[in-house]
């Protein structure tokens, strides 16, 4: 069966046989860049279609069903339309920052993709501070939103930007704490180490109830951090018409839209890696035959199915819950999630020191 | 010049260019954005030095934290979109003099210091090492400064809460 | 309290005003200057307690305008209509919105469509039409040859 | 019409909510002043769809003017028509056949339910929950289908005429309504499961948009808006018209005075409407559906006032007749107009998100306000 980890090593060895080290490096960089961009486009198309299908399913509708079989080319057609749309700058806007903002958001989403392990031995850059790198870089994405909101010269945009700023900064702490609890259990920030530590069971199961609490907090916090309903204060279409992207149209809007979905993918991938074992197959204790069958499924499939399960959960939230109010949102973080996650971290540390986990 | 060196000069040029833009623009919001880019450049420099942890801290603290705070304070001041007033000539002269003085001092220190003595010594910047040094109370440890800084931050935190609460009381009365 | 009793008790309260039974409700005709005092008494008198102004409008009779106030009591569930005539040229009357908050928007509408000026109204300005609109459409002498279709 | 300002003198943010805004459900324009996120001032600017229906009616006959009222509060068009028909009938003292009365009440209650369903979906959408909208429309569609079969229209039915109703019921009507009652009874529980019990929803609704009983009366609030504050104001109960006197139903009153009470009132009213229809649907009397009336209606000289309960509150029709074929002056006392006046009182001091939620619970229909 075709496995992703074999492909990368095959490319590397075949290139090294013929070319010098520098040119191999350059060529591989180009290949990775192209692959990443393709992945981006694909993810965008798939996730937008998935969102529409999931929402249609929840809302007793059919969803897109005209373009292509079952409407699978709908997002491609939408993208085409958005590309052809005029991209204008509103009067009185800061032109430079207005045009820059969607790219900032997009580039940050792209950088975040680097340390994610898509399959066994298959990551763009498995750096030794993996999860910390992601926390650090994702804190920058708020700048793009602040920029967009300010540069649009629109009060709704400004309010949306202020909201999302306050929100992302607050929820980053809880998300960080949840990530930290797994780091404490693993003793490493490197993603490959974290995945390897789950070869005998996922942390969600191994870490007892504190890990479960950390997982729930992580899911809530990242839903807020990616500006998804019920925490979509930055957009809040019924209050702020569109929040920070009220004035955006065409491809610039599409970049924001795409970045939102890429961010969802990334946070869900991290969640799957930290709590659900990343590309590790599902094993049950001593059931040798069962474990062998699970091993036969490629690691990339495992990783993607876990990630898409989490994405589905986040989409499910969006189409079920009403939106919180901004002060309730901050209250939830500072009065409930943060104290709980701090206490939870202490518990996890105790578990890690005493070695009570499996 | 090696490939690695070209990269260093590119990063350096980027840091200096964006820093210049930050001080030269007369729109306060843009200045903060240029500062942001400059700080990202510094993080890139750390990455270039293989100091990933430091680079990530640089991004998390300066870019994700301090610049966001600056932008927030710009939002809260009125008329942030307007151009700032042109600086006076005397001010420009004095600041130029001050910068030159700083440059001179820095170059003096740099040229007096002899580099290369510890080039063979491997710098251990792994997270374990950083953590161990941070909590080491003995020789070469950073526990005392670490705790002192955290006390300072706590004091700042409490102080800001007190100030914020005072304003609210006034409004109520 | 039956309608007959209601009419009698109101008549005894305001001997100068004339009260008689209309098609639906008893109608009290008063002088425009006494409007506020009448409304005040009707609202504060515990046996009447007209606390709910459910309709306030104006009728243009060409020679004069008539302000019509429909009052209801949420406690006793009896109704009363108060009418008062205004001058057609410069209609002016005290605003009732300090007694009944609902009058605020209703009076702005009447000001807009009939041109009745309400004294002591907190912000009397046009509500439905644009601020620079000429004339008051619900007046009988209003003419708009473009927008009005004569049947 | 208004000055374009972005900040007030003391640095507060001034925002135009509307006329094009997703939360105003129409072309309502609110000029709000914000201190941070808190609303400090709210001023409605009306008239974007003002058609001067009252002026139009002065040149229409007593048969024609009823049709303009379908366009006022288009979600309770049957009930608006009912009010007009009742005014004309009471002035001319027309006795209408019992069958017509039954049909009218059934139609009115169906309309009330359809209106409340739409409100439920739209209000949930204001709060950011998008799915309830589709669930609400599923039920509303079946009511609209029933209406379409009998009246030929889905929104502006124009079915009630002076003297009765325009046509007889469609043969499928009774069966379909019965089917709908069974269907909707299970769905209304689904509504509660989906939204009412949700903790986010309750936090968004409870103790928000408070208006006391005295204020509600003073602001002239009617309908569920006032009944959520404990004011008994259901015209069907206090000044019964048509055959409501004979029916067994409760006036829903809640005493919470907040958004959640108003929400509860409407939810319970839907059940009461079901109860009313259940009482009537099996015994619609046979006979004429329209009384014999003259071809040209002339009201006697005088003033006539009718009050009915629409889905939004009390609708008053005030006709001043000079004895001609068309009214001399007509005034529609619309429920939305008075309810809107209480909006500032409710919203002041709340966040901008609450403004949207409170507006949702007022259930404003803009053509009803602008007329």
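The chains carry the letters A, B, C and D, assigned in the order they are written, with residues numbered from 1 in each.
Definition applied: contacts are C-beta pairs under 8 Å (C-beta built on N, C-alpha and C of every residue); 3 or more make two chains touch, one makes a residue touch a chain.
What you are looking at is a predicted structure, and each value in this text was computed from that prediction instead of being measured.
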| item | value |
| --- | --- |
| Reference subunit D; chain at largest CA-centroid distance | B |
| Rounded Å distance, subunit A centre to subunit C centre (Cα mean) | 63 |
| Length of the line joining the C-alpha centres of subunit B and subunit C, rounded to whole Å | 70 |
| Inter-chain centre distance, subunit C versus subunit D - centres from mean C-alpha coordinates, in Å | 24 |
| Subunit B and subunit D, separation of their C-alpha mean positions in angstrom | 61 |
| Subunit C, residues touching no fewer than two other chains | none |
| Chain contact topology (line, ring, star, complete or other) | line |
| Chain pairs that touch, as defined at the top of this document | A-B, A-D, C-D |
| For the subunit B and subunit A complex, residues of the former touching the latter | 3, 27, 29-30, 33, 36, 40, 52-53, 56-57, 59-60, 63-65, 67-68, 71-72, 75, 80-81, 126-127 |
| Sites on subunit A touched by subunit D in the complex | 55, 58-61, 155-156, 159, 163, 229-230, 232, 236-241, 319-328 |
| Footprint of subunit B on subunit A - complex, ascending | 22, 94, 96-97, 100, 127-129, 132-133, 135-137, 139-140, 142-143, 146-147, 150, 153, 158, 161-162, 165, 169, 172, 189 |
| Complex interface listing, subunit D residues touching subunit C | 1, 46-47, 50, 52, 54-55, 59-60, 90-91, 215, 217-220, 222, 231-233, 238-239, 302-307, 314, 316, 318, 320, 328-329, 331, 333, 337-338, 340-342, 345, 370 |
| For the subunit C and subunit D complex, residues of the former touching the latter | 22-25, 51-55, 57, 59-60, 68, 70, 74, 77, 81, 100-102, 104-106, 109, 113, 127-131, 137-138, 148-151 |
